[in-house]
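Here it is: the structure, laid out below.
Labels A, B, C and D are assigned to the chains in the order they are written; within every chain, residues are numbered from 1.
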Amino acid sequence: MKLPDKQSSIEEAIIHVKDGDTVMLGGFGVPGTPFALIRALVQHGARNLTIVKNDANEPNMGVDHLLQSGLVARLITTHLGLNAHAIGLMNSGQIDVEFNAQGILAERIRAGGAGLGGFLSDIGIGTELAEGKQVIEQGGKTYLVEPALRADVALLHADRADSFGNLAYVATARNFNPLMAMAADCVIAEAEAVFPLGGLAADDIHTSGVFVDHVAKLGALSKEYAVVQR
Amino acid sequence: MKLPDKQSSIEEAIIHVKDGDTVMLGGFGVPGTPFALIRALVQHGARNLTIVKNDANEPNMGVDHLLQSGLVARLITTHLGLNAHAIGLMNSGQIDVEFNAQGILAERIRAGGAGLGGFLSDIGIGTELAEGKQVIEQGGKTYLVEPALRADVALLHADRADSFGNLAYVATARNFNPLMAMAADCVIAEAEAVFPLGGLAADDIHTSGVFVDHVAKLGALSKEYAVVQR
Amino acid sequence: MSNAKERMVVRAARELQPGMVVNLGIGLPTKVVNHLPADFPVCLHTENGLAGIGPTLPSDQANRNLIDAGGAYVSTIPGSAFFDSATSFALVRSGRLDLTMLGAFEVAANGDLANWKIPGKFSPGVGGGIELAQKAQRVAVLTTHTDRAGNPKLKERCSLPLTAQACVARIFTDMAVIDVEANGFTLVETAQGVSVAEIIDATGAALRVPDTELPKF
Amino acid sequence: MSNAKERMVVRAARELQPGMVVNLGIGLPTKVVNHLPADFPVCLHTENGLAGIGPTLPSDQANRNLIDAGGAYVSTIPGSAFFDSATSFALVRSGRLDLTMLGAFEVAANGDLANWKIPGKFSPGVGGGIELAQKAQRVAVLTTHTDRAGNPKLKERCSLPLTAQACVARIFTDMAVIDVEANGFTLVETAQGVSVAEIIDATGAALRVPDTELPKF
């Protein structure tokens, strides 16, 4: 047996995104955001997208390019504090925004990736975040039912990969990437290095290539990946 | 800041198990089973235990020592196929056995570790494994409610650790260990090697020491850890 | 293994398509791996936490920490990855298995599978089988056509507790390859030296037999 | 930072006990770390996936992949571990945080906390704050005693949307240390140069003042 080869270019991979798709984007702030795939998606131009990402990056970075291009209808996120442009679009009704508690968003994505329908949580009970959610009793306690979340496509950033699509992340660039890797019908990863099979140690792989459909090697990194000067 | 030191001997650590406790044991077959901690628990002699483990090992190995010593009242497991002695105790009513589908047991433990009340799954619908379970509708589909599972104590086996209790597992000895590490009030890990702080790479740690209360270095490994000769 | 069983396993091996992620259940299905070309592009999964199973090793070469779900000492290949049990079944339940091959006590004409419990006689627990049967994109069964007493294993309905409902797509036996279709069992191929009449006789449910010449294996 | 705020942060730093796992929220709480001894045995957690935060780095020494939840470039220390966002909040929700320190818009006499939304004015999303507030073993608030207009932030009831109910145990302000007890706010310590009468005046709810001499900070 030999593990299949899933290498692709960023341009070939991104065409799997279609109008109306739900697209998950890895990253928490800059680390782990797939800036090159996002740039390619802007070029590709799929419209009416639902974007799932922890945050909306900052103005003129990452997700903001999608927002500025008018490709996004809906944003499922946890915090827009660093992107006043995204808040403006939300307040003027140009995009629909759904806020989740951060760990609840992470867990909803994980549940989608784990083939579950959802999970029971007491987070937000007694606050407006609980409004409209299904309530259930379990083991004598009251919980909210949080539905699983899946996407048509996930766009990820990895530090390194192999040709089968095994991925490893670095530092806090891991964040939502391994969760989203499991939760989409089509998973596309950009990686700063792509090794031949065997280039990653079997115990140190963070996402098995089983979950990954396409892996693309990044060229020189754009400035978006760099340390933000404030 | 400096990370706290959690090193202990196996004998000092095991006294945290009390009569009537629920105790999770890592391992799938031999790999990842904390044989030395189990031996110490037999010596310690806490009674009326509920044991949570994927399997009951084989006769005269691991879990079977606890069964033979009469310390176990209840076993929550997935498969006893390799331990006829355990099946005998079950059939004669000397222990109460609860069978879970393997991935459902893993997920119930993970839910316990994630501070959730449970999760929604369609696994087992239409079979006797669904009997008696709460049924819920979510997003137009029917699911069973699977309650989260936590323990008083988890006993784990790691390949290597550091003094803060960061753990790394090797090969298929990982299995349930990282899940149980998150799901118990008191987490005790035996490790084949315990390094000073910094001895494990921050990206390659499988279980953060935050989850671990006591870590004990193993001496020479007993024969139970070796390749099984069939 | 009898010659007929051997041919069944060889035939079943052809069911694996390049690029698939496959879980081979304990017992006969595991033997399928011996009939794949060395460079065949496939990823074998075992539910105790490995994608990319390599060849089984004799005990003097075994790694004490590296087994498959059946307890056999296996190896890795370049690109193998280990993960925990929750991730392993996340993979299964989210539909990332293209194919699983399982053993069976009984298969019903609607695809119901019973392979884990015989009340009062055999109840070691369900293990990971239920999730494989219910969630793999395609479930194939490898089984002898009849039990040791000669009773059919392919039946109108299962009499034993089910593993999963309506999950089986194709059955490989020592006598035939049979598909489960909307209207029940359909004969697809026959084993060498076995007549259609013998297969019908050994099958405990209606068997549709196409008018065309059927391949032999 | 004013002298009074600085003393508040120094006082709050004494709240960390050896061996704790602590999450310091964005803003004033983050500054607490500057007042811990270099070898103090504590594990600082940030919800974007790190246990064992080390000192903040200037941008010319920063690692582009290593930030805290507030976007500051931090470092690791020996024994730091990275994990994904689901594991990070598993840690929070399962009660492994001994202490979190958070900012506040309002704190109510029953411990209710509001710190994430001002309807019509400020609604960037809740981020990770709700889970920290609801699930840490102990929640302390660091805040100025009054807002910029001089209105009390400690109130009978919160008027803003809640982050979590009845979660706050202790409040550090530029005027006082106040505990939330079963019967409401209790004065515990006073800032140097601030009278009890001034504190009562700046507090928007009943404040129990013990008969004993109170420590100053």
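Here is the rule we use: a residue touches a chain if its C-beta (ideal position, glycine included) is under 8 Å from a C-beta of that chain, and two chains touch if they have at least 3 such contacts.
Just so we're clear, the structure is a prediction, and the values are computed from it rather than from any experiment.
Most remote from chain B, judged by the distance between CA-atom centroids, is D.
Among the pairs B-D and A-D, the greater number of C-beta contacts is found at A-D.
Taking the mean of the C-alpha atoms as each chain's centre, chain C and chain D sit 57 Å apart. Mean C-alpha positions place chain B and chain D at a centre distance of 35 Å. For the pair chain A and chain D, the distance between C-alpha centroids works out to 29 Å. Centre-to-centre separation of chain A and chain B, using mean CA positions: 32 Å. Residue positions of chain D with contacts to 2 or more other chains are 76, 82-83, 86, 89-90, 92-93, 135.
Within chain A, the positions touching two or more other chains are listed as 107, 110, 114-116, 121-122, 169-171, 174, 202-203. Because contacts link the chains in a way that matches no line, ring, star or complete pattern, their graph is best described as other.
Under the contact rule stated at the top, the pairs of chains that touch are A-B, A-C, A-D, B-C, B-D. Those residues of chain B whose C-beta lies close enough to touch chain A in the complex are 107, 111, 114-122, 134, 136, 138-139, 141, 143, 145, 147-148, 168-171, 174, 202-204. Those residues of chain C lying in contact with chain A across their complex are 18-19, 21, 33, 36, 38-45, 51-54, 76-83, 86-87, 89-96, 135. Listed in rising order, the residues of chain D touching chain A in the complex are 46-50, 59, 62-69, 71, 73, 76, 82-86, 88-90, 92-93, 123-128, 130-131, 134-135, 161-165.
Chain B makes touch with chain C in their complex at residues 28-32, 54, 77-82, 87, 97, 99-104, 106-107, 109-110, 121-129, 159, 169-179, 206, 225-230.
The part of chain B that touches chain D in the complex is made up of residues 1-5, 110, 112-116, 162-164, 166, 182-183, 196-198, 200, 202-203, 205, 208-211.
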